[in-house]
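First up is the structure itself, then whatever we jot down about it.
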């Protein structure tokens, strides 16, 4: 066993885990707080990834952009364009109820995917974008660059976590949860339900864009299969359900634990005899499907269920709040 | 109709003018006009399907009438969405409790407060000091309301876990979080036990007497109505049948007809 | 509970690693086992396993056996990077064969293998972008870049006397690359392209596209797609609709699957291009015979030759380097793959091991080509022209 | 002019209808499950795949024509659907639908992995070689398969209509779909209704899978690749309206084929790369402006 290798696997594991954690936190804003069934996560992820990639990549004949802007600018721009996309989507279909919103968002994500794959002038189509930089690219070479990138990713995770926590622990978050629990009652107590949903959708979409940007910088390469819904939309949903929707810590824990299962099962699969080399991958997918059912039936409120943020004023009044 | 004559225009909270509500071919509300007097507890009664809840929904803005006007004091609010009516002081409860299930009891009340600064996502993340005073005020009002409703012991409980009666109290509490000009109570007494029913009635009376709150309530239990309401409006088949004190309407032939289809019974006896 | 899962995972990991013999050497393989290319994989997996089997039957690798460790790259960047990370860091492989799709190959290379200094040999990735990549000489491939096959195919078509074609290509890295080059080369050489349309993979009906392609009566339809994807469907529906009877395809279409779905009769006027081995080399035939003896079928499937060769080359590089030290792989790979040196071919592991032991230089001439890597890690390679012959394909001409 | 007309019929209209009939058969099940069980069944495409593979196995074992071996595939698909309903969906029935939706996503993964494990990943075909089309009056060229598809969908529509209007179970199903609260009060046997829904949905899915397999080939992603257009069809027709779903499927199939017709110029109206996007675009537009669908389906 090579400890150095294991260390670098852990680094890579945590980079992926961090990117998924951001996606999960973003979905938590939309679903956990706001009750919006967004099944088009991959679409916002892709918009963010392409925005940042096109702005920061080296100039190329094959696609638009290549402005070599600094990576943080790219990431911010990713949040803005993904947020704007989210705004447009929400403007059209925020009034739709649960499953219908899911259908509409899948449909829109698929349309976005087709635009990415078809509009060669913009994205270089299926050939993808190469030479996407990472932040601080000049400083470190080789595998050590991963450590630096890990720090960048988790710095973003912490920022996103803090943002989400502040949103949660505020009248804004409280109202949003009220909208989620009962739309009519929220209206009856003076809340503009559509406006809250719109904001939620935009904030979530922008954060998803950030995750997309980070993944493009991590791979240094971006092509349309980055929008694969199985890997982005579906997996993120599973992570949030497993971690505990409505709970930011739960979102991060869910992202890391489901990603651990997804990634580490392959190491087992590799221990099977050679005859199983192809089959082990199918068995792995089968097990993931079964595990999901297990989580849904046994841990349906997640590892860390939703908790009310508590009230700062309670401390100086009484101790009944738990 | 003597009630309407008694009061001057300025004392009307809500005025309905020729409200018609059609669903497909059916008229749920058929040319209804009446006004609700400030500072009183008005009862709205009638058999099932009379259009009472539809009318409530029209007043609260949950649905919009096919024709007619709704006035809040002198202002035409016919096309105002429900949340804006709520901000103008129109509060309501629902027939089936509409609690915010995953929120604590305290949060359920605080949500209903006026937290316009804290409801900005930008402030929530970056300028949290901006809404602390507002939040404090809402918190204190919520605590007072909990004490008033005797719900303080469950303040940290998730609202979804409350009993049916406690949920009704909570709904009532939510209407008190902003200074309400009119509180619409849709069968607040339905499906809860006698003791709690008495308690709710007492609270409503106190709110009316001590704070001068105006109520309009839909209720089936006429004894209950008689304990609370000085003014009763009777509806049947989408129309207003009559209006008066509970004793007047109880003995009104048309009311008996509407409730029992003809027999000579005393309503609610 | 979750903690215990992770604990078990780590424990299993340690146990699993302990199980492998100390003297065995791992060869990494990135295969798009699940995902959109899944239908290609079984014969390719056999090819990789067969190469490892040949190594072990012929005396093993270094002082022990060769062990193939497969990572599932799912033809997408994210799983490719994840799988490559595990191969490099957990399995500590000195060299990696794969991945198959250009996208997963590039992502794995830029994010993992290049920074980690591990040599990666893709048997099939054709993207032109790989040529210019700043890869520190770590990335190789055994098929010519799209630019090459497209150019050659244009020559083949014109040589057949076909002047007017319609082109349809699958909208992925494979289809777009070859189609663009072919289109440009064909026009430049005086051919006429009546229609140039991409299509989506995974659809059930391409009839309206085909009807549109058939306008202005081209002589043949160039189909740049995988037989197990949209390729067979397009050919079949074009024949059924009576639009085309003559088809021109690339290695993705030149698949037994096409004959299985369309039938040999309908393809008698059609021809195909695919990377191949030089004229006199019988390596391919030799490999196919042995392969089919082992697995009953599949030797003629696309990319089987290249996958076998890539795995075999990876093993040769390790043997040549004399240890599983990843830093020695670049030089070792270049030495065993290129002339000069005594020629060895597929199945010749014992001979190769002997020669390396004796300190002689060897030159692997594979079933899919002779693989003289240029400075970019690319090969020029040979392109063969194939026609349908019974249930399979026959090579009738070779271009360089 | 006439030849243009014929070209339109032969190469756009009839293939569009044939494609539409596959979508329609799948969409009926989706629409009924959505209407009665109230969730979007993401594994429905994979039920189609199972039906196709079940039939394929029966063809291999018996040597029958695929359409004759179809009952075996149908039985297999029904069994699979009932089993997953019992084991995976039923325990979640009282929870918010999101749980069941996610569960069905997982079931789709399970089905697909099982197919890959049992039958492998390579494409299979029912019938080898090209089917020569029938030529009528020197003008109309139709493939036998397309006639079969259209015949099957007509038969299915008649049978379904009969079932839903004339049988007690069928009427119960419609009642539950239209108004579940009322139906519960009326004391309908909900479990029986649920079972019938799965049986019908899975049977039609299996037929769709086999038709699709006959038209092209059979592979583990066969149904999964069709799931989104089928959802679009179900929504287009109105959720909970089987006949609407049928119509929706036809419309989506036709639009996909016709979108790349050279309507006004010599160029296809829509870049064929965007063919599928047309289905989604219609779905999204419909969801926004007429979420109850063409035939006034339920809204939740």
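Note that the chains take the letters A, B, C and D in the order they are written out, and that residue 1 is the start of every chain.
Note that in this section contacts are C-beta pairs under 8 Å (C-beta built on N, C-alpha and C of every residue); 3 or more make two chains touch, one makes a residue touch a chain.
Not measured: the values here are computed from a predicted model.
Trainee: Could you tell me which chains make contact with chain A and chain C both?
Mentor: Looking at chain C and chain A together, the chains touching each of them are D.
Trainee: Would you identify the chain whose C-alpha centroid lies closest to the centroid of all protein C-alpha atoms displayed?
Mentor: It is chain A that sits nearest the middle.
Trainee: What chain pair has the highest count of contacting C-beta pairs?
Mentor: The largest set of C-beta contacts joins the chains A-C.
Trainee: State, to the nearest whole Å, the distance from the C-alpha centre of chain A to the C-alpha centre of chain D.
Mentor: Roughly 32 Å, centre to centre.
Trainee: Could you work out how far the Cα centre of chain B sits from that of chain D, in whole Å?
Mentor: The separation of the two C-alpha centroids amounts to 49 Å.
Trainee: If you average the CA atoms of chain C and of chain D, how far apart do the two points sit, in angstrom?
Mentor: Result: the chain centres lie 36 Å from each other.
Trainee: Once you find the CA centre of chain A and the CA centre of chain B, what distance in Å lies between them?
Mentor: 43
Trainee: Where in chain D do residues touch two or more of the other chains?
Mentor: 116, 271, 273, 276, in rising order.
Trainee: Taking each residue of chain C in turn, which ones touch at least two of the other chains?
Mentor: In chain C, 34, 36, 41-42, 171, 198, 200 touch at least two other chains.
Trainee: Going by the contact rule already set, what residues in chain B reach two or more other chains?
Mentor: none
Trainee: Which pairs of chains touch each other?
Mentor: Final set of chain pairs in contact is A-B, A-C, A-D, C-D.
Trainee: For the complex, which residues does chain A have touching chain B?
Mentor: Listed in rising order, the residues are 163, 166-167, 170-175, 177-178, 180-182, 184-193, 199, 203, 246, 306, 308, 311, 313, 317, 320-322.
Trainee: Of all residues in chain B, which touch chain A in the complex?
Mentor: Going by the criterion above, the answer is residues 60-62, 81-84, 86-87, 91-92, 94, 98-104, 106-108, 110-112, 114-115, 117-121, 123-125, 128, 131, 135-136, 138-140, 143, 152-153, 155-156, 158, 174, 177-178.
Trainee: Contact residues on chain C for chain A in the complex?
Mentor: 2, 5-6, 9, 12-14, 16-17, 19, 31, 33-36, 41-42, 45, 49, 52, 68-72, 74-79, 81-83, 85-86, 88-92, 102-103, 106-107, 110-112, 115-117, 127-129, 133-134, 171-173, 175-177, 198, 200
Trainee: How about chain A: which of its residues touch chain C in the complex?
Mentor: By the definition above, chain A touches chain C via 1-2, 5-9, 12-13, 16, 114, 117-118, 120, 125-128, 130-131, 141-143, 145-146, 215, 218-223, 225-226, 228, 231, 253, 257, 260-261, 263-264, 266-271, 274, 277-278, 280-282, 284-285, 303.
Trainee: Please output the residues of chain A touching chain D within their complex, sorted ascending.
Mentor: Going by the criterion above, the answer is residues 31, 37, 92-93, 96-100, 102-104, 106-108, 110-111, 114, 117-118, 230, 234, 237-238, 241, 279, 282-283, 285-286, 288-290, 292-293, 296-297, 300.
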